[in-house]
Each structure stands twice: as structure tokens, then as C-alpha cells.
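Chain nomenclature is as follows: A, B, C and D, assigned in order of appearance, with residue numbering initiated at 1 for each chain independently.
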Amino acid sequence: MAPNSQPVLQVLVTGFEPFDADRINPSWEAARRLDGWQCDLGEGKGAAVVHARRMPCVFGAALTALDAAIDELQPDLVLCLGLAGGRSEITPERVAINVDDGRICDNAGCQPIDQPVVPGAPAGYFSSLPIKAVVNALRAAGIPASVSNSAGTFVCNHLFFGLMHRMATRPSRPGMRGGFIHVPLLPEQAARLPGALPSLALDTLVEGLRISVRTSLTVQTDLRETGGALH
Amino acid sequence: MAPNSQPVLQVLVTGFEPFDADRINPSWEAARRLDGWQCDLGEGKGAAVVHARRMPCVFGAALTALDAAIDELQPDLVLCLGLAGGRSEITPERVAINVDDGRICDNAGCQPIDQPVVPGAPAGYFSSLPIKAVVNALRAAGIPASVSNSAGTFVCNHLFFGLMHRMATRPSRPGMRGGFIHVPLLPEQAARLPGALPSLALDTLVEGLRISVRTSLTVQTDLRETGGALH
Amino acid sequence: MAPNSQPVLQVLVTGFEPFDADRINPSWEAARRLDGWQCDLGEGKGAAVVHARRMPCVFGAALTALDAAIDELQPDLVLCLGLAGGRSEITPERVAINVDDGRICDNAGCQPIDQPVVPGAPAGYFSSLPIKAVVNALRAAGIPASVSNSAGTFVCNHLFFGLMHRMATRPSRPGMRGGFIHVPLLPEQAARLPGALPSLALDTLVEGLRISVRTSLTVQTDLRETGGALH
Amino acid sequence: MAPNSQPVLQVLVTGFEPFDADRINPSWEAARRLDGWQCDLGEGKGAAVVHARRMPCVFGAALTALDAAIDELQPDLVLCLGLAGGRSEITPERVAINVDDGRICDNAGCQPIDQPVVPGAPAGYFSSLPIKAVVNALRAAGIPASVSNSAGTFVCNHLFFGLMHRMATRPSRPGMRGGFIHVPLLPEQAARLPGALPSLALDTLVEGLRISVRTSLTVQTDLRETGGALH
């Protein structure tokens, strides 16, 4: 681990608390399984260590918690995770947009409609993760994955936008990267919800997120492979 | 029609030529059915007239054609239409993003990957149409509709982004509005494609677009109804 | 119409009353639009006339109503229609199965679970409509269609099974044919239901059912085209 | 294991060889993981042992192979497994129908269209597994499951029909039960196929099939819970 004065890179991985009447959230179940994980980055590239933090599923409060975790850890990489119930793959998000539009209430009972995440900020920010390389590495490991072109308009997008806005407007570690990855339901959730929803096992999620962390720390220039959508 | 010196508002509606080996494109079939339509805006509000223009399904050339049409018509409202094969509803788009990422080639054989639509421009622009009011008016008329939070990364998003960037950076008619609406396949297309794809009849599309034009010209402040997505 | 002593064929088309808290049912809206329609069967083949009857969405009572209509009309063709909310195509059903298993209650508040439609009857009956030819003719007319391999286990399948059991066990007109076709939601229903459901316009349904009637009366040997499903 | 002269029950579990250009088939991967498994049936109920056999994905030859395996093993329970690519759950099938209608060719290059599996046999047979109890037990264990009302018209349904026809027409072990269960893709398959298909991990499949075997051997009277479909 990080021989010869190679610094150990710090990685912040966040997951959300449960919401919408469920009692678990796979984004946090996966994040906490990564807590303390030492990631060997390969020959001469040193190592990284993951710190997991649980975020409230509350507009505003989620950003406050994220800010505090970044201030505390001064991470080189921030990977925020959230649940996308109904998706069948691990989906790195391409873009965060500056709008809160709640289809349901958050955990504090708030349901903002068409409010900016940050008033006066740009309409959008692109992820600074190598999202194509992450998808490629996941698929190569036999884990279903694709790029997503919308993170929605709920607390997930809110946190993602807040992260990218902070990185654009406040000093951070040189080369710091950040982004958001949505994960599917766990099988045990799909088993009790109506509608024959897809799921991925927790072990698959955890392995997929390890690959995502390692890829995000080691691939400088993203792949030129399409991750586009016709609409 | 526009009594008492009330000016007739000019509306540009664009549709795309066919692409991806198909021989028709419902966005253009609907747009040309609207060409020349005189829209009565209600008591004392005057009238509007629609001008339809067909856009090439080609990165770059589509923007050139749009620019020329706007220069020529100096419209008060620009409604760009495109096909979203697989969607079942008329879907006003919320946001355009500054990326071209072709899952397939355009009609000129080009397939840009992760290129900006406009280098140096912002990551995104929001539609200036009252998209919630449009959806509400469509549903009230019995036409399936919802807000979409991603216009994809192909020529549709490209044109939408180019439109919004022009409106943000060049002088235009005071109060000019612009945006993008995706439409489903026609039944005759769904009948020959595999996969049990949804469709809407051309008459339904045309009626829906008339409602969209009228609503976009008469509703100043958008409704506060959720059109959000959890992811 | 049926010159030279060619008899006029009698066609019974049934649709269901609304159910599951909705106020219309497209199967009946389409059926009643066909009532009284004179179908010219082509050179020397005479003609047919359609009689529409509305069926209660009630286990048992639906079969009683169907029996009465068949006794009254002595039809050459019976086409029963039902709503398949969520499907995007007109779908002739291949097979009826001898089970009632209600996911919801019928209009009389009953929810049988795993009861036979007709105790002691076979497990299934195949449609005697030329379902492949019907699908082929619909697609050729630009109307989305495909064969369905399951009519479910609610009142639609119940009526379909009852029809085929009667035809198998009681004397009827020589050459009599019968079967079931599911139809999608109407756009006005999809516009008020959640979930971006597909729909077909009533005019498209009516045209599609005319084609289905004519094809069922004129094609003796069904096409050998696959309508199969892998699962 | 089966103390005091309690006989050990024999269980035949079949899976299919790969088809449609894929190189693995999760139905066989799961079946062979069960081979030799000793299933303790609980206090005083003795035990069972599983024998896995691989079936060719070929019309006709599959039935020959199944017959040979049944003749050899004289099983108390036959559980045939097949792949349902695109489904997200483990789905016990309710009914087999007497038709072969290949959407693609089988592994011998044959594509029968609308041929009976067994000429002169009934149109359908119901599974004799307690399918509702199996679904209930799977969900209780956190494994997504539901009843399916159609096994399709390819080699899966063909094998299922052949099994049930043999059980209906030839002597077998008293109380012998048989049926078919479809399983989803594995994650590694979904990772290389287009279309964001759902999957279940092999460990989840194997655990689910163990539960299915035990439930099928111990539950005599099926649960009265709905597994119905509206269409």
C-alpha cells in the first residue's frame, strides 16, 4: 500500500438513507460495505482508501451533509450513490441539472417543484468521472451497466448538482473528481414490491462499485465509446 | 384574426427528415400538417400563424437550417419536434445538454462521441416553454403527455441545444420562447417495426401540437405541478 | 349485399362494460361502433352483418350473456373483445385456459382464485380464428398487431374459454368460428392513468376490427407465419 | 437423511444447453449446481436427492432426452428449467400448451410453425407443482418471483407439454409431480446483450431452485393466493 511516499488517495463514497416507505436503500448498503476498503491502484500508482458516509434523503440537508464530509475528508474522489428503482443496471450519470422537482416528498416532507438547486448557478454540470471507462470496465467484469443521461429531479440529482457546483466554485484537491452512480433495487426489495422490477445482488453492487472507484482513480482520459441515447 | 392592430405572432415549427433507415418521420409529418395554421389566441390576444420547416437529421447542418429559418421568420415561438421511438406520449423536453454522442450515425454518416454541441457554451439550457402547462393542457384534451428530463444526445438534443444557445446569446424578438417536443412513432411505423412499440395517430399528434402552440403563446407563468422523476 | 341467394353471414362482436374504476372500456366503444356494419366479403362471397353486444365484467354472468347472444343470433362468427391495458397493439389471442384467478375483483365484487371456468372441461382451447392472417392483414394496413399467447386469467379469458367450450360441446352453425382479441387503452384513458401507458385511437381500433372480421370470414387456412414467443 | 426406512425421494432437475448464439444457459448452470444436492424435508419427512440432466434445445430431441431421464430415474418430482431472457423474476409456469411455434430456429435449425407438440393430445395441461406456494416461499426468502401464465411456444413449452402429457398418459410414481420454471438471464449475459435486460445472480437462482424443490415436495395443497393476470 503506497510504498515510497506515494500518498494514499482519499475516496468519499456516499449512499442515501431509505426513502419512500422502504426500510433499506441499496446505495447505502453498498457504500457501507466499501467503508475502509483499501484499493490497490496497480504498479507504482499507490493506493486509495474509501470512507463511506450516509446522506439524508432531504433536499438541502443532503448538501449540508455532503459539504461536511468533503470538508472533513478532503477527498480525491467523490462517488455519490443513489437508488434507481426500476433500472436493471449500474448507471453512471452523465449530467446534473439545476432543478428540484419532487414527484414525491423527501424524508422531511418537502416536495419542491421547479426550484433551482442553487439559485443563479448554471443549468447543468457534467460528471468528471470517466463514465464510459467505468461502464466498459463493469461490463468486462460481467456486471450490467450503461451510461444514464438523466439523474432525475429528486434528491439524487440535487446531491449530484450540489457536488459538481462545489467542485466548480470552491478550491479542492488538485485533480479531484466527482460524480454520481445510480444502482438498482436489491432482490429482497424487488421480491416485496409489485411490478416485476429488476434487481442486482448486493455482492454484485459492491464488486461493481469497487471497479468504479478503481477506474475513476486510474483512467485519466475517458474512452471514446458511445453511451448516447437517441432520445 | 388580430383585430385592432394586434400583431400576428409568428411561430416556427420544425420537424426532422426520416433517419435510421425509415422512410417517414412523424415529427415532420405533424409539422407540415400545421404549416399555415392560423391560431386564434382568444379574446383580445390576437392570433398566430405557423410556419413549418424540415430539418436535416445531420449534426451541424440541422443548426444551420434552424438558424436560417429563424433569421427568415423572426419568430415569437420556436417549437422543434423530433421522434422518440418507443415513447408512448407527447413529451415536452425540460433541458438540452451540451453534448453530441451518437448511438447511430446521422444522415451524413457522422457519429460524434462526447463532442460539445457548442464548444465553450454552458453544459445545459432549460426550455423556455411552459412545459407543465403544455402537459396539463394535453392531458385535459385526452392526449397522453408527460415532461421528459432528457432529450438524449443525438440530433434532437443537438438542435434543441443550438436553439437555446442562440436565444441566450443573440438578440431575438422580445418574449421569444423556444423548446423541443418529442413525439411517438406513428401506428404505421410501429406496425412494421419489431418489439410491440407504442404509437400515436397522426391526427392525435397534430391536435396535440396545436394545443402546445396555443399554450406556449398564452400561458406566461408555468404551472406548479410536478413533472419530476425520481431518477 | 348478398345478391343471388348468397346468405348474409351473422357476426357477433362483444365488448365489455367498464371495470377497475374506469368509466369507459375501449372494447365496448369499438364494438358498438361496428354494430350494424355491413361487411362486403368480395366477389361472389356475399356479405356479413355485425351485431354488437355488451358483456358484464362479471365471472359467470358474462358467460350467461354470451350464451344468450349466441342463442339469439346464431352467428357464423363470434369475436369477443377485451381491454389489455398496457399493451400497445391489437392482439388476437391464441389460447383460452380453464382457470379463473382474479388479480382484482370483478364488477360484482368476486375474486375467484384458481377455480376452473368449467369444472371437468379441458385445460385449454385454441382460438378458431385465423390469428396469423388477422395479424398479417392488420400490419399490412398499418395497424400494430401481434399474436398473444396468454389472455390472462380474468373475465376476458373466462369469456373466451366459455365461448370455445360451448363451440366444442354444443351444436352450432357449420363452419362457425370464434375467438378473442385484446385491444389497448384509448389515448384519453392513457392521458389520465399513471405510468406512460401506450394507447391506440378509437378510429384505429374500429378499422382494425373491421379488418379482423373480414379476414376471419374469408381466410380459410391460416398463414404459416411465426407468431411464437420464446417464453 | 431419511432415517428409519423413510425412502429418499428422487428429483430430476433439467436445464437447457445454450441457444440463440449464446454460450451459456443459466437454466443448466443452475441445474448442475443442484446435482447431488441432498434436500432435508424436515422432521419425519425424510429427504430427497437431486439429479441434474442437460436437455438439447431441439424440438423432439428434448422430449426424447427427458423421457430417457425419467425412465432411468423414476423421479418423484420433475422440475424442468428454461431461460426467459428479459424477465426479472423466477417464474413457475402455470400451463403448457400443445403448440410449437418457433420465433427462431432451434439448435438443429428447425423452426416449426403452429405444429402440435403431440398430435391428438389436449390443447393444454396445468402444472402439478404448487406454483403459488413456490412463489410465496421464494418471496419470503427475498427472491423475486411470480406466476407466469405463458411458457411461450418454443422448446421450453415443448418440453413442459411433453412432460405433462407423459404424466397424464403413462404410469408414474404415485404422487409424482412435474412442472416448469423459467429463470432470468445471468448478470454476465445481461452485461453483453443490448437493451438493459434484467438478470439474477447464479447464487440467487440456485437458492431459489432449492426452495422450489423443497416446497414442491412438502406442500400438498397449493396456497389460495392470486397469481392471476388481467390479460
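Note that in this section a contact is a pair of C-beta atoms (placed from the backbone, for glycine too) under 8 Å apart; a residue touches a chain by one contact, two chains touch by 3 or more.
Bear in mind the structure is a predicted one, so any value in this text is a computation, not a measurement.
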Margin query: Need the most distant chain from subunit A, centre defined as the mean of C-alpha atoms.
Written below: C
Margin query: Looking only at C-beta pairs that count as contacts, which pair of chains has more of them, B-C or C-D?
Written below: C-D
Margin query: Quick check: how many Å separate the C-alpha centres of subunit B and subunit D?
Written below: 49
Checklist line | Centre-to-centre distance between subunit D and subunit C (centres being mean Cα positions), rounded to whole Å | finding: 32
Check: How many angstrom between the C-alpha centroids of subunit C and subunit B?
Finding: 39
Checklist line | subunit A residues counted as touching two or more neighbouring chains | finding: 87
Next item on the list: Select the category (line, ring, star, complete, other) that matches the graph of chains linked by touching.
Entry: ring
Next item on the list: Mind listing each pair of touching chains for me?
Entry: A-B, A-D, B-C, C-D
Check: Once bound in the complex, which stretches of subunit B touch subunit A?
Finding: 20, 82-87, 94-95, 97-104, 111, 113-114, 122-126, 132, 148-154, 156, 182, 222, 224-231
Check: Within the complex, which stretch of subunit B touches subunit C?
Finding: 87-89, 138-139, 141-146, 187-188, 190-192, 196-201, 203-204
